[in-house]
Structure formats: structure tokens, C-alpha cells
């Protein structure tokens, strides 16, 4: 008996299991397989994400495998970092003047040597799906296959059929939303529109930089915001008008939603005078943390009121403790895998907003969470009664087979299927988009199959629901 | 490939799946089927619920399908409301002078047209079970079948075998508890008793109106309470005595339990002088929110002490944020589907009560939760050691197949089966009672079968436990 | 139809199911069985536990079945107590002068008569595994078999092959850690070392008594601590030096870890002057609860800094509300089954420690939780990015089949396998050690099999991971 770890064969060419993520028992597996066959080729509707509109505007080739799969993907580099590999070794840029690896092949080798760390993670599934389905690469990534894989993918990337627009079309994306700040001039969106290309790329209105008094450069941001909007944002009414103007501008580039990433789900519905006073304090940089929080909370209600006017769907993404490590923040800056979920309460937090606009049938608010305990306790009961509220899909760390399964098991019995909104890929990893939608389709079909097998849903209904969850609900909820 | 949602056949006549809610694998399914066969026909013991004693007293026909299934059922109308159907359209009464639909057929049609919203919810399962098993209606409800179903059920309701007492007997109810305020004269219970009918209907003591300083009309309630009890409730001792008197009165109508629905699980064991001072403040309407909360918490300990004297089982149902929407509260009043679960902590909250009476073997306290995170973290560890404590079944939004499964998976390993108390249907929807007990029996048998299949329980024991969970534990825990 | 509970046969001789805890479907079960075959006989690595080093030092016979299995096992006596059996009846010593049962056979009979209470609990599985695998007893424990079982086990205990060292060897324990206070002279460990016996028993440094200002006798403890270390612990630097000295002493007896059992996960990184001031207050017994908490939190950071010097792995075990019942504390003292888990937050709590040392690759901090909601929300995201952090296994009430399954399902997708550390048995119940490790191996193999069946892990990789989880990770994480 050997006490050392067994040697795994280094190369596997078995490829993706066609029945992956389906139930184990034969009856349910057969139903899931048949359900999936009816939805697997439906177009991708991607109503919330972070791909770069510049890709679609310029349609340049992606640089190389490491720049495509490793350097920008926080899921990938955080796992490698957790096992002692410096972010600098992975080519993640530094903001402190330090050096970071620029040899993409070297970065790729480091990744390949540590590929076992991703076992049973969604990253592994997304990566292998991309390698196989996008690039036709089916061997397992390892130290042995690293160079061959790198060369294979790098070669693909030089070819026209791997340019962003070609992939967009091959991925069968019917529409994709990007996310921009009100301070963005949307020039890439303009270039896409002017190019005559038929791919539908829309923006979304993400005003954190001008609604959060604690955002870096808040008052300068608000000043620039006023310039862009042609409004005097030193006054409260001018500031609100500037939102109206920029929202309309974003709508002219296809936006159907706004998006709000606060630390908590707090909302407020302050008297106008109080809101104005907070705004003036915020401009002067004098808000206490509590006042800043109240102002952010109040702005959600203002945004909801504007949504009633202009029809933008309002998305709330609360609960992330951003940039948790001071050391990484100092060396590499924001968004380096150190955003950590926290406990999030919704019931009292949303009451001011819901008392103001919660019964409006023409308003659509989509709630997300990083605290799964809120699914059955708070979010499904709220979305299962308020006509304005819908539940966004399993998000971020929960955008995974187990996370999606828990989401359905914890929300469906109280909120049903029709208070949910289909899938969001929420990604900046372009090649992972088909993989992520495929995981969601498979997990939903597996869940539906289990409902059929256990007599909780008739089989004919399961086909309709599978179609709804894959395609129709996203279009309807996001008004796309 | 069509991008539109598939058309579901509108009529299904397949009826309920006889193996519904059983495990998917053949071995476990067989065991579950055999276990279920031994418990499915056991009498219903319903120790906690909200059916109207007037039904049993007067034994009048139920009015019509909409008044029976839709108008009073908050699970049903909240789901419809969440998708933009006004409560007024569903016949839910208004308190603001507005009109509400009175045409029951029209209400029923609205329900039927939107029946797909209930897919995979427990409401769907309860409704279909009632339609099929109580009324012999097996087609799927839809716009097409709405009128036919309405006529069928309405016709049944005119017949004597669908009167409350006949259904009570047909449902094989051995005993059912209703819930009344100490201010209730129990006249319907008296009428049942005087009628000579043999159905066993008992009351339960629910004193929220006279123990919660924030309850509407608290001091007037306490005054009336004194009159009913023949005690001077302007004094603390008189007030406590009034409880003793009314509890005894309730016991004379079969009560074996009291029930307490506070916003939190807070308990207090205050010095008598402090309790008395709070009581006097409460009578004058001068309690701060904190003082009101402390008083409610203290009254749980007083109730527990009285339970030691008179043997009533004490039930604690904490954690609901009641009447969350101000707009609905103003238009339709209380209890309109807007009670939302909140985070609930038990460990520190229950310590004063448990230090006072927690080791008393003659006292039985049954804990419920709307926060499933407390099952494995707090409730099972508490009930698994304190002799007074037992765990109530999965409650309210969790009275569902997935909710019940999680309940067993999260509590059994620490608290075992014998610190649980069987099933509560907790319903005011009379025709759903057999359906709800059936779901509980099936889910428990499925869970037991999975334990047998995975070698965690011997098969002969599973039969005994199935019987205990279905029948014996409820009778024992509630002293019925 | 009988309404009474069915009679279970009192004696079962079927023994343990060889496929227990494996998945129900044939495909997954086959894979789990094959995986398990490769790890079931691997040596036991037990890096964290509470067995008594005196056993190994003196190698005396264990006294009798009740003293071995019931009196010291809080899992066992808490369940019996929850059903109304006094701790005194179970031989649990009193500290209030009251009498406690001393007749071990009588204690055993009480246990046997109530054996059904343990159905589907891990205690049942551990007990039956010990009875069968250690003592060759395969009948079910009951009133009928009580005496026969007692005699059988008692007879075994008189024989040399049931002495601690013989069992240690038969259990195939490669290394086991005990846990001692810095005030312990480690004389049993010295005796083990001096005996020439080859069994590897190491200690661990558990300084609660000298880092918690609220610990009984804190200032006297610190004084004795100084004497043992030869340092002047009336000064802050002397106190810190005393830790260094005692840690080195513990290392000389094989310690590779320290362990910290605070009520919360709070950490602090105070300026030295502030820490010193708190320390001086603590010595005088003048700390407020908040100050005591801050001091404990700061000491975690000090311990982490010392770990950077001396290489001890730091374990944090937060979240238990200790000795919850005042009545039991007064009658029986500490650690009598009344430690109850509480909500535990990690994200903000750990930030001071992590900002101080969280990016150090040579430091290893192992986090445990009694709040399962933190697994996916906080712990996996933290351990999945900080190189210092690893996740300890499912702990205490969650050291169970369902608890371990949830642990893997809730952590693997974000933290992977390689930020976990294998299994801890964490027990003082010596004969349960093989049972506990066997449960962990089975549950892990079942989980891995389900990953293979659902296409999330290749089969060859599953073998490697099974070996890692069973053996390699514990040795690596604990530097054993």
C-alpha cells in the first residue's frame, strides 16, 4: 500500500461528459437529457455582464491564451494565489511600481502546472468547455500539455473566426448587455452602432461612481457628470436631472436596466430636504459613514422612481465586502479576487423602497444576493408577493452547479418559477459565456427532471418551464 | 426551432403520481413505498391549526370554490398578486372602502388562467390533492377547464357529504386544535360540545392580544380580559390570575397548549417588581419598543411557569415581520400574505426562560422557526439537550417537500427523531388538511428510506419511526 | 390497523452495512465502493483531538463499558438527558455535593433501554462501529441485550489487546495530537517518550487559560505561566516571551499546532501600547467584556506572529456559547453537553489579523465553524484567496454524514479541495476514532463518486483526491 498520492495520468482525452450535471438515476437522467435537447441550442440572452464593448467595436484578435483566460479572470488567479502563487507571477498588473510577469507562455505554464487546484470548481468546467467547444482542445491541461495547448489556442486566436464578432455570432448570442458608468461616453457602443454590424450589444446604467459619497473622487465625478449631462449638479434637482439625462442617453444605446452594487441592501425614502442636505454634505466630502449609507439607500428609491418614468429595470447587487486585503489593494488595486460575501438582510432594509414603489406593476426590481440564507427566508417570500420584485439568478460564487441547485430548491416552492428572471452570466470572460449558459441550462433541466420524477411537475409542463428559464424569462424581465 | 414558449396541453388527466415525493432510485423508492403503505391511513392528529370552529359548530355548506380555495388562502393570493393581479380582483376584502370582486366564478377564472404560476409549489400539490381526493376532479386547472371545474366543485359543495363534519370524518381526523384569543368566548366550541357530535375539536390559548403591549387596543383588551376572567387586571397579580382563569377555561374546552407569535425569540425573567412596572406602563400605553419587547419576553416565562402548574404545552412561533407593506395594510388590513420571515436567534434569547424552567421534565416547550439556518446551528443543539424543549415541524413557507427534507436533514443528526413532535398542518384551508399530512408522511418515508438505503437505520426501525412521526409523537408531545 | 407503535425486533444481528453512506444509484455506488477500497486501510492521521495522554503513558485497561462509552461522552449523555434522564443517573459527576450513579452496569442498562433515541445520529453509527469492529459485538443494543453486551465488552477490556497502546496500533494510528494548556507540565507526554513505545502522540498548544481575561483564575494562571516559563509575566514583554518559551516546550513534545476556542472570530491588531494596557487591566481583573474580547482578539494576532517565527499551525475554533444552562453548570460544572453554536461572522472579524499576516505564505491558519451558513458565504471565499487560510473539516455537531456532505457541497466549488485539511476526529472517545475516520472516508468517497457520475471530475482524479483527503492533506496542513 503506497502512502504517497497516486499518480494521475497526465493526459485525458475523454472530453466533456455529454450527461454532465444530470441526475444519477436513469429515469431522471433520461428526462433531463430530453429536456436539455430542446433548450441547448436556444440563443443566448445575456442581460447582465461585464464584457468589454471595445472588443465588439474594434473586433481585434484576442492577444494570447494567458491574456484571454488567466490574467483578467479573478476566479482563476484567486485560486492560484490561495495556494501561494503570487499575482505578479500570473501577470496581474501592479499599481505600486512592482513588476509583473509579461511572458504569457510562462503565466500559462504556471496555470497548467496547478490545474488540479480547480478540480470540482465551476472554473474548471467553464475552462474545459471553452477549450473544447470554442478551441477544439480536448486534452487535460497539465505541465505536460501546457505548451501544446498554448500553441493550439494561440494559433486559433490569429484566425478571423476567433475574432470577437465571429465568436459572438458562433455563440448564438441574441443580445448581450455590458455595464457602464454614467461618466462613460459610450464611444465603443457608438462605434458598434455606426459599424453596421448586426450583433446586438446594449449598455446598462451603473451609477456607483456618482451615487456613493464614499466612491473615490465622488465630488469630481458629480461635476463631470453634470458636464456630460448639461445640468448643474451642484444642486439636488440638477443632480437628479443629470441622472434623467444620462439614463436617456444610455437608453439610446439600448440600455434596459440600471445596476447598483451597494455593500448592504439598505434603502431609504427621505424627505426631499433631507436628501438634498445629505447630497450637499456628500459633495463637500463631509458625510459620516452612516450618512453616506443613508444617501446610497435613498438613491435606490430615486432610481426606482426614475425607472417608473423611463422603464429601466433596476438591479440590486448587495452584500460584497470589497477589496478585503489592504496589502493586495496597495499592491494591485481593486477587483483582485478579494471581494468577500457578507451577511445581508433584506426585509427591513427594503421596506422604505417597497413602501414607496413596491406595489407598482410597471416597475421591475431584480434582487440578487451573496448570502444564500436569504433565499428561502427573505427573498423568495418577498418576491413571491411584491409585484415589483423578481429574483436574480444565483450570483458570483454561487454561479455553479451546487449554487444553482440550491437556488432552485430554496426559492421555487415560495416564489415559483415566474418570479425569477432566467440566467445572467455576469462575466468578463468572453469565451466562458456559452459554458456558463450551458451549465445553467443543464442544472435547470436536472432540477425539472427531478420534479417530474418525484411527481411534482407534469412532464409536458417541464418542457415549457425549461424554455421559459432558458430564454423567455430573461427577455421578459429585462424588457429585451 | 421555435423561440416562443412551447404550448402545453391544457388538460391533463393523469392525476396524482402514486409515487410522488419518493426517492428516484428503485431501492429507496421501494422502501419508501412500503413504509408509506403502513402510515398513509393512520388517523390525522392536527395539534396546531387555524380552521374556524364555527364550521364544525354550524356544519353549514361551504359557499363556493373561490370562497373555499382562493379568497381565504394567503399562499394562493400572494402568488397571484406577485404577478400583478390585484387582491381586489381575487375577492380579498378591502378595509379602505374600495370594492372587491364578489363574483366567485370570475375570481375562479382568474385563478385558473394563472394556474401555471403554482408549478412546483406546495400550493399546487395541496390544491390538486384536494381537487382529486376530496372532490374527484382530476383534470388540470386552466382557462379551458375553469368553468367545468368550478361547476363540479360547486355542485359537490351543495351535498351533505361535503359539509364540514362529514369531511372531518372522511378525512379521518382523530383530533384537531383551533386557535383562539383569551378574549374569545369559545361559543363555537361550546356549540360543538353541546351538539353531541363526536368529532374532537379542541381550542388553544393564543394570548397575543393581551400580552403584547403593541397589539392594537392592548389596554382595552386587558380590561375585557379581566371582565371575562372575573379578575382585576389593573393589578399585576390580577392580570396573572386572569391568565390562570382563562387557561383553565380553555382547558375545559380541550386545550392542551398555548401559542405565542412574537417577532423575536426573546425571553426575560424579570424580578416581579420590574415586570409589574412594565405592565403598568403597558396599560398606560407608555412602553418604549424596547420595554414592550421585554414585557413580551417576560410573559413567555410567566406562561411557562403557568404551564408547569396546569400542563399546557407552550408553543413559540417567532420571527415573522408582519404586514410588511404599508400600502396593503391600509387597503386590505392584516394577514394578506405580507408576513416575511426574518433572521432569528435563539441561543441568547431563550437563556432567561431556560435558566428559569428549562430543566423541568414536566414542562414541554415546542420551538418553531422561520429561519432555517437555526435548525442545525441552534435549535437541534438546544432541543438535543434541554428536556423541556422539542422542535416543531417545518413551518409556514417551509411546510413543503424541500422544506421538510431540509428540516430532517438539518435536525435529526443532533436532536434525533424523539425531540421532534410530528406534523402540524397549521392551516385555515380545511380541504388541504389531508393533502398536507400526506406530503409530510411521504417526505418522512422518503427520508427514512434514504437512511435505510445508506445503512444509517435498520429497516425494522424505519417502520417504527414512520409510525412515530406520523401519529404517536404528535399525540405525546401535545398531550392529546 | 394498529394505532400503537409497531414493535421492533429487539435484536438485530445484521451488522454494519458494507455500503453504508454510499450513494443510492448503482453507478455512483460502484464508484464510491471502489474509491473507498483504496483509502479504507490508510493509516489514521489525527491532527486535532482530546484523547487523554495518560492512557498512552500508563497503558492501563479502560475500566468498564459505561466509563468508556457513556460517562465521558457528551454526545451520548446530552441526548439521554434531553429525554428526561438525569445526568446523575448516567454517572456524570456532580460538583455540588450531590450523588451520581456509580454502578456502571446500571448506567449501561439505562443507556441500552434508550438506544432508540440515537437512531440516525452519528453517535449511533460511531457506537455500533466501535462495538462491532473493536469488540466484535454485532447485536443491536437494547434492554434485552444490555447485560450480554456489557459482559462481552467488559471481558474484552480485561485483555491486553484492549489496552490503549494495543488499540492505538490496531487502529493504525500513524500520529495523534492531544490538546494541552500551557499550564500543563506534559508529564504524560514525557512518560510516553521515555517509555520507548513507538506510538506517535504529540501535544497541541491551547492557551485559553492564559489569553482569555474572563477565564477562571486568569491572573493566577498568568502567574503560574510565568513560573513555568521562567519569565516575568507581570510585564507585557515577559508575558509574550512566556508564550514563546512554552510554545518551544510544546514543540519539543511534538506539537505542530496551537488551538484557540473563542466565543467569536474577532481579531485585533492593536498598537503595542494598547495591547499592553489591556493586558495590565486583565491582570487586575478590570477588563470590561468588550476589553476582554478585544484582548482575546489581539492575542490571536500575536499567536499568528509567533507562528511565523516557530512554524506552529494556528487553529481557530470560534462560535460556541459555552455552558448555556446555569442549573447544569452549578450541579455538574463545565462541558456537560450545554455548549450551543451561535451565529458567527468572519469577514470583518478576521480583517485585522489578515491585514497583519494574511499574505504570509509560511503561515498556516485553519478556520473552523459552528455556523454552517459561513461555509459558502464567508469561509470558502476567504480560504479560496488568502494563502494563509485553510478550512478545517466539519466540526462538532456537523461531524456527521449530512454535516460532512454539506461541508463539501458548500465549500468545494469556491475553495476547491486543496484549501481543506483532511479530517479531524476531535474526540475524547478513543474507541470511536476508527469509526469517525471511516465515516469521513465514506462520505468523501460518496461525494467524489457523485462528482464523477455527474461529469464534474474524471475518475482517475477522484482516486487521487480520495487519497489526498484521507491522508496527505492532514499531514501537509498540520506539518506532521
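Chains here go by letter, A, B and C, matching the order in which they are written, and residues are numbered from 1 within each.
Simple rule for what comes next: a contact is a pair of C-beta atoms (placed from the backbone, for glycine too) under 8 Å apart; a residue touches a chain by one contact, two chains touch by 3 or more.
Note that the structure is a prediction, hence the values are computed from the model and not measured.
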Interface residue identity across copies subunit A, subunit C - same or different by half: different
Rotation angle superposing subunit A onto its copy subunit B by C-alpha atoms, nearest 5 degrees: 120
Approximate Å spacing (C-alpha centroids) for the pair subunit A, subunit C: 39
Numbers and ranges of subunit C residues touching at least 2 other chains: 24-25, 373
For the subunit C and subunit B complex, residues of the former touching the latter: 1, 3-9, 12, 14, 16-17, 19-22, 24-25, 78-79, 81-84, 116-122, 124-125, 140, 321, 324-328, 337-338, 340-343, 370-373, 397-398, 400-403
Contacting residues of subunit B [partner subunit C, same complex]: 23-25, 27-28, 38, 41-43, 345, 347-348, 351, 354-355, 358-359, 361, 373, 376-378, 380-387, 389, 409-410, 412-419, 450-451, 453-458, 460-461, 463-465, 467-468, 471-472
